[in-house]
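Each structure below appears as structure tokens.
Heads up, the next two complexes both have chain A, just with different partners, chain B and then chain C.
This part shows the complex of A and B:
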């Protein structure tokens, strides 16, 4: 009880209060703790949390496979993917490169030609210039995933070069080296999969908006009108919509919003049609073809929606969330909320 | 009239697969044939502010460029990274890459390698990539306090004391500007709250479209100077940078976002049309059922 509950609680209350009051107490030691030490502690804990998260994920997926829970087949893929990433990150660098120095006399052009062919460089003279200029060992600008593929190039170069070495990028750096196994996995597997998942949203949004974006009541209509204006206003095509088309859209929008308050259908239809005709006649006589009023520009209306109603909503949400965080944090710091200890 | 009703009912009850096919084609055709849909890109005030702020920086100034996005948001944010790097390298500004997301390492590596060669920039002298550290906002706070306490080596494993351009860099106060390429948490908000606002360092951001509403209050307050909002923001910045590069007599490679705007525009129009058809059908079918109230 003491180790599992009281000590963690005391640590939390102590550190929490110190960090909180640290912002109000002008003491170098406390300031240093809040700004430097506490931040580094957090970094250390976060680093360990990565291991904890990875092991937890592995445990959950393996249990799913063992117990053959629903969709357990997908868990096999997750475990294989995890194992492959660990292998590429920790056990197999796959980031070999070749360095050479001391090219034999008169063989510079041959060596340059072989390297140019290897790295798909159309101009071997460029390689030759670099070779001549290199003070230390010259590194061929290509990463070999297997040492065998590098060795075949070494064999080609060997008769013309005195010193030629096969090296590997250091552990850790190999992950970010273009051409390594890990980099290959990220660019060729993770990137397309991630992009595909996100791209699918376009299809779901289209299908969902087609079926669910309905003029059911006043709020739904407001959402629909604002949504359409934002969708058109955010893209260049929105700026190309002529004033008369915008005025028709706006009249329909106003009619849709006012529909719940006008019981007589024919009156609503008459008002909408009349409004459209009046706007088009006015616009034609007032020369809106050249200089339409800003109110009839979709990007301007969209900017207004962003600048006022959206901004007000965002600020209200932010303030609400901030107050919620303050209240929850205070409850945790003074020990009222013990959910972090596993309490419900 | 009855035929029209039937047509609308048919349009309003399309199979999901047909909708997917139409949306797919509306995206695919403009991507494959961008010359068929030539849309003018006019920079919005927020994008113009970002451009002006970066354009104000002088040769040799230092900028902290933070990569907080991954493969899923790459199509939206990566064109911004490329356009910004082009702008910075053309103005000979020193770029310091950081990442608050593990995926950010790959994004930064790709962006730097794509642009640095064209401008003849050297690693460690003109740009450096320090990479990712776990800890989210704590990392931002750490960068604001002491970079060396967090980072001992760069992404390539080189000790940071051996990197020439890291010589006089202690914390965020040594940077002239911060730019966050953000797709969520941790991202722009954390840079404002824990580094740029307390230390009074100017910053801008480029975010995904869905994040814009979360970030706008900071932009309106002036805590973030301008915003590149989603792919349209990327395309607008590309057009501004391309114009600036032309003025500087530098070669211009067209950016990817501008080409993708046609696809996004057509897709948005298609979705709007679906919504309109869906509502007309809804109105007709409700009326047929005797529910004449909307």
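This part shows the complex of A and C:
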């Protein structure tokens, strides 16, 4: 009980209060802990904890294969992918590069031409300038995934250079080095797969919108109308809709809102038609054809919807969420809510 | 006036006085308002926790999403299918993830009572370990430790869309009857919710990400919006202290609304030149 409940709780309360009030204490050590060390500690712990998850995933997939459970074939792909990533990250760097020094007399131009051809540089003179300027070994700006692919270049340069070496980027840096196996895997496998999943969102948004925009009640209708206005306002065609068309749409909207209160349908039709005719006639006489009012422009209405009602709603939501986070954090820091320790 | 209100008010003024006296030496300068806000919020919440612990009955409105939690598990039991719980894609340093795991404890209690299988795919290793502890305790508390096994909470991937693909695969293959999305989500929220919709599962979602709430509202049967999600654990536990903290949170919200109205009014009067005090200088 002491190890599983009380000690974690004491650590939680202590560190929580220190981090909360550390912002207000005028001490460099505490400020440094709150701003830097605390978050770094978490990053380090989370990085080591990845082994737990990875081993768990591997264990589950291997058991599925061994016991030939349903759809065990997919698990083979999972294990192969896992093994490949481990191989590319921990066993095979692949981020090879060539360094050279002590170019033989009179051979600088030849060496520059070979290097320029290798790295697709149109001006070998630039390479020659860098070679002349380099105090230590000159590193060719190209990464080779395998040492075999670098050997052909080394053989070309060998007659003209005394010292030529094939090196690899340091462990760790190789995962971000263009040309390494890990980088190749990330760019050619992981990124396209992620993009594929992300692309599914387009279809899911369409299907979700179809369900959301069905006119079931007033709120759904309002959502539909606002959605149409926002979509039209964001594309060039929205700006091309003339003021009188927007006036007609607005009049129809007003009629729809007042329809439940006007029992006589003929009266409603008369009011709507009359309103449309009056607006169009007045607008024509007031020169709206040349200078339409901003209110009757879809992009302006869209900007207004975005800037005011939408912003107000999202800010109200964010304030509520922020208060929820504050209250939840307070309950956790004072030790009132211990559910995450498994204690109800 | 209530004695406790007087005591807490004196305490607040005392702490603020100490802060002002020590400003520049022990305490940093220029953070007075923030410090006062934190102390005021803490005192308000704690005051109502204290009142609830003393036996005061606190009214909480019905939240359909929370009441549907048990119904959803019951539905899965009747259909003979499993329950899927997704605690978000972020780590335990996010409050939403902690809240989601708290709710996992309640769902695990229901699945233990109803003997329904529970599947909790997670995106982070620490969340996996915390989730296992919570599920184990819930099953133990329900008197069914025999039904618990470690692999019911299992790791898929840290990568956002790899995780979404993994969870989608689980949904398509196992076709759970109830899906819970309770935690921190980003773009994968709609992918998960739409897939769950396509398999006909009852879906209950809750998140603190404002941009994902509309997607959940559209695709899910019940959505815990904003604060409802954060108070869910306290709401379900029915413990007086936790229920009191919900009321304290509501009172803080009321104070924020009053502050906003006062700021608008005072700023308007200042802009009109009727008063010389610029309330915005406080912020």
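One rule holds in what follows: the second predicted complex is superposed on the first by the 215 of 344 C-alpha atoms of A that agree within 3 Å, B and C clash if a C-alpha of one lies under 4 Å from a C-alpha of the other, contacts with A are read in each partner's own complex, and residues count from 1 in each chain.
In this text, contacts are C-beta pairs under 8 Å (C-beta built on N, C-alpha and C of every residue); 3 or more make two chains touch, one makes a residue touch a chain.
What you see is a predicted model, and the numbers here were worked out from it, not measured in a lab.
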| Is A:134 touching the first partner chain B, the second partner chain C, both, or neither of them? | neither
Open item on the list: Quick one: is A:147 in contact with chain B, with chain C, with both, or with neither? Answer first, second, both or neither.
Closed with: neither
- Query: In the superposed arrangement, does A:332 touch chain B (first), chain C (second), both or neither?
  - Reply: second
- What is the contact status of A:284 with respect to chain B (first) and chain C (second): first, second, both, or neither? neither
Task: For A:318, decide between first (touching chain B), second (touching chain C), both and neither.
output: both
### Message
Quick one: is A:194 in contact with chain B, with chain C, with both, or with neither? Answer first, second, both or neither.
### Response
both
Answer with first, second, both or neither: which of chain B and chain C does A:50 touch in the superposed model? both
With the two structures laid over each other on chain A, which partner does A:69 touch: chain B (first), chain C (second), both, or neither? neither
So, does A:40 touch the first partner chain B, the second partner chain C, both, or neither?
-> first
In chain A, both chain B and chain C touch residues 42, 46, 49-50, 190, 193-194, 197-198, 205, 207, 209, 211, 314, 318
Chain C residues touching chain A in their complex are 19, 24-28, 31, 34-35, 38, 41-42, 45-46, 49, 91-93, 95, 98-99, 101-102, 105, 122, 124-126, 128-130, 133-134, 136-138, 141, 151, 154-162, 164-165, 169, 173, 187-188, 190-191, 193-194, 208, 210, 213, 215, 218-219, 225-227, 229-231, 233-234, 237, 241-242, 245-246, 248-249, 252-253, 256
Touching chain C in the complex, chain A uses residues 20, 23-26, 42, 45-46, 49-54, 56-57, 60, 70-71, 74, 190, 193-194, 197-198, 200-201, 204-205, 207-209, 211-212, 314, 317-321, 323-332, 334, 336-337, 339-344
Residue positions on chain B within touch of chain A in the complex are 14, 16, 19-20, 23-24, 27, 39-42, 44, 70-75, 103, 105-106, 109-110, 113, 129, 131, 133-136, 138-139, 141-142, 145-146, 149-150, 155-157, 209, 212-214, 216-217, 220, 229-230, 232, 235, 261, 264-272, 274-275, 277-279, 282-283, 292-294
Touching chain B in the complex, chain A uses residues 35-36, 39-40, 42-43, 46-47, 49-50, 170, 172-173, 175-176, 178, 183, 186-187, 190-195, 197-199, 202-203, 205-207, 209-211, 213-216, 224, 227-228, 231-232, 234-240, 256, 259-260, 265, 299, 303, 306-307, 310-311, 313-315, 318
